[in-house]
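Each of the next two complexes has chain A plus one more chain, namely chain B in the first and chain C in the second.
After this line comes the complex of A and B, so read on.
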């Protein structure tokens, strides 16, 4: 049997955009860690967020729920949460509930950054 | 938490959310044996995890003296994941179809588990505990691939 699945979060930024990089398993046990990171960013008036999911192996409804909880407040403040580099198996979970209509999902971080640039 | 695995059954004594990955691994192995692809097996494991998370959070309220027992088997054309618990009965079939835009507007972070289970599984049957049956049983059914 596997050990408890790991989960790690790394923060970085490109100009005024915050990049949250997720690694491992985002489920009911680990989702509060992501929730805290997003809350901290919002408290510091950082509302332009890209979530880098290239190393995310698993997401459950608790992970989806974190994005649902904050997205509207973030957009009300002129920002957004854009999701980038999802593995196909992670994308399929987002797709189950129609999330691609609600969230901008981009193939690369660069394309997600461009979405924040003024036209 | 103590996990006991016996062929097609897993008993989780004092089940904790941080160890549900063990149930996930068990279900994936079982589903693959019945001919599901890796992706399908992972989805069935996700549905099982969502059901167990709901039991631990809402029915047991994190009470670690309670157990969850999961049995997998074939019933007619279905692969069945039977989840037995000793909490307050709750039939997920009572939950209406999800309105994702409503959850979005209301800034809710919960309520997505049952919609995920319903999207993944083909049939859901719920048998609440009765006088001659101590545990609630949730049967998550998925049609077994024909080839």
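After this line comes the complex of A and C, so read on.
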């Protein structure tokens, strides 16, 4: 389980949009960290979230599950989770699972930010 | 008759015979007026020596228990000597004057008194020797043998003075006095190893002082009374000329011994309280350590710590609080009511006790307004101790003790309570370790149950048909993933399912069981692969945790037409290999339980193609392509594809052997993180 230690999360924000930057391996062992971050954001009524996956090397089913766990509540509150800058390999995992139907997946953060702007 | 030399009866007989012979001899010497001869003197010496030794052996205890000092026994023995001293004083006062023997009856009476006196004197000697030998040290045997030499010497000196100098030699008298003084000093200095005195219980100590004090007064007054012309003196001197000096010698030894014991106890008076406290501290720390080592009940340990802390410092009440997630929690308390504890927990913000980073005595709480306000909530207490409980730099909590008076605590209390806080720390660590090992054990158990569940859900027998050969490779990870497969062989078709439920361990195993249930419920009426997946999604969507899902590939082989249909619910693509190429079949699809049936149905495709003669189908889970080596390089979809293309007409069993071998080479020393499953199907004709 050498990858469990190689996971980091950074938080930043552009206007009222929260950007969660993931780094390394997101699997069953590291998923709870991301879960907690998203929960905290929701508690502070921050529902507009972009997940920056520029540096995400691997995602397992447990990692994918995190997004599924919250998306409904976030959308009910007028927000969304948008995924940006996925590496091809990570995109493949999302794509195989059919995530592009469920989530907006965008090539850059800027485009993801634009998605939140009205019209 | 066999004579046992150790038998007291034997010595008793000797003593009686000697005494009777001596008295008989005295009467004969008296009748023949032979009293001043050297023979009478020798007669006195021998009979006195034999009788003394016999009596000493009789009253000296055979066995001495060297291991432990019994305080009560010492007190009892001392009391016996006190009674004897009183008796001797009384005897001396009431005895008629017997300077010279005037008749046989007087000789009889005088000898009887002398023997009683001899027994008494020897009792003092045995008393001192017994306790000196119980407190043996390296010089005790030397001391014993010196006494053996001194007693005869004193006897001889006195006799010499009497015979040769008519009791007038001042030199001999001086030597005698020097020897007597030496005996006092040597008894005093040979009484060592008196540490036990320091540890005597306080109430016993008072008795010790009283007993040894009275003994001292009595022995001194006896000595004054039995001077050179008391009645006992004459009786003893008549009995044997050296008797008085031997008695004096014994009194000196007794005096030296009692003086030392008395002095030692007096010296411990100023430290009584400290010693008692130290004893209590050591005892309670020992008790605490034992408790920590033997008790798995953390609460019990904490309660013991609180109670011991209160007893040691004689506080009126106290508690242990911990700081967790910015909340203070009282985890143990003593002499407090639950509502007082509640007051401490709810209203104590900010946590003022946490501000004290060193052990601290507050001798007057009223001078600290913050503390005063806090403590007033639970009652009137005027002094307090705050002991931080710390793990390296992390502040875990505090031990707090209250006293209702000002200056209720000593600085000594602070030291010992700090030691207590160390123990609380150890208890914390120990409890944590224990919990971790329980947790570890539980996880291990859970994993083994999960694996059993998983194995029981997978088919044990594979269908056998001539037309299609099926081979399966399935290898669960240490931490069970959620790989699932099933093969149903009907008359017209074969249905192959491979899937992967999200998560690991127990939760994955449960979800897999749910999936298996859904599969079994619909398998007999399945018409198409797409229908199958829609039914499964319908059965599970919204019924399992939101963060869990399942990926499935469903493959149906039409046995009559050799047409295969494939639908994919988010799972890995299926690899197809014929004589000319190998390629992935990846129809559109979405994972089970990710979307409602409307979206699911719209998005799921059914792919159909002809299963060519001699072609291979490979179904697998992501554990295969995501298998990582030590450099975090995955095995990869491309490698699977090219590996299969390189295979030439192998049977499925052989293919699996080759792929498994390649997987193992790739994995190297790394740990397999996820379940791996492969199903290979070949059309034979």
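Assume the second predicted complex is superposed on the first by the 114 of 119 C-alpha atoms of A that agree within 3 Å, B and C clash if a C-alpha of one lies under 4 Å from a C-alpha of the other, contacts with A are read in each partner's own complex, and residues count from 1 in each chain.
Going forward, a contact is a pair of C-beta atoms (placed from the backbone, for glycine too) under 8 Å apart; a residue touches a chain by one contact, two chains touch by 3 or more.
Note that this is a predicted model, so its numbers are computed, not measured.
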Which partner reaches more residues of chain A, chain B or chain C? B
Should A:68 be classified as contacting the first partner (chain B), the second (chain C), both, or neither? both
Could you tell me if A:11 is touching chain B, chain C, both of them or neither one (first, second, both, neither)? neither
With the two complexes superposed on chain A, say which partner A:28 touches: chain B (first), chain C (second), both, or neither. both
Of the residues on chain A, which ones does chain B touch that chain C also touches? 1-3, 27-28, 58, 60-62, 64-66, 68-70, 72, 96-99, 101-102
Chain B touches which residues of chain A in the complex? 1-5, 25, 27-29, 35, 58, 60-62, 64-66, 68-73, 89, 92-93, 96-99, 101-102
Applying the document's contact rule, which stretches of chain A touch chain C when the two form their complex? 1-3, 27-28, 57-58, 60-62, 64-66, 68-70, 72, 96-99, 101-102
Given the complex, residues on chain C that touch chain A span 479, 482, 500-504, 545-549, 551, 570-573, 586, 588-591, 594-595, 599, 603, 626, 628, 630, 632, 670-671, 673-674
Residues of chain B touching chain A in their complex? 3, 5, 17-22, 25-26, 39, 42-43, 46, 49-50, 53, 57, 98, 100-101, 103-105, 107-113, 115-116, 119-120
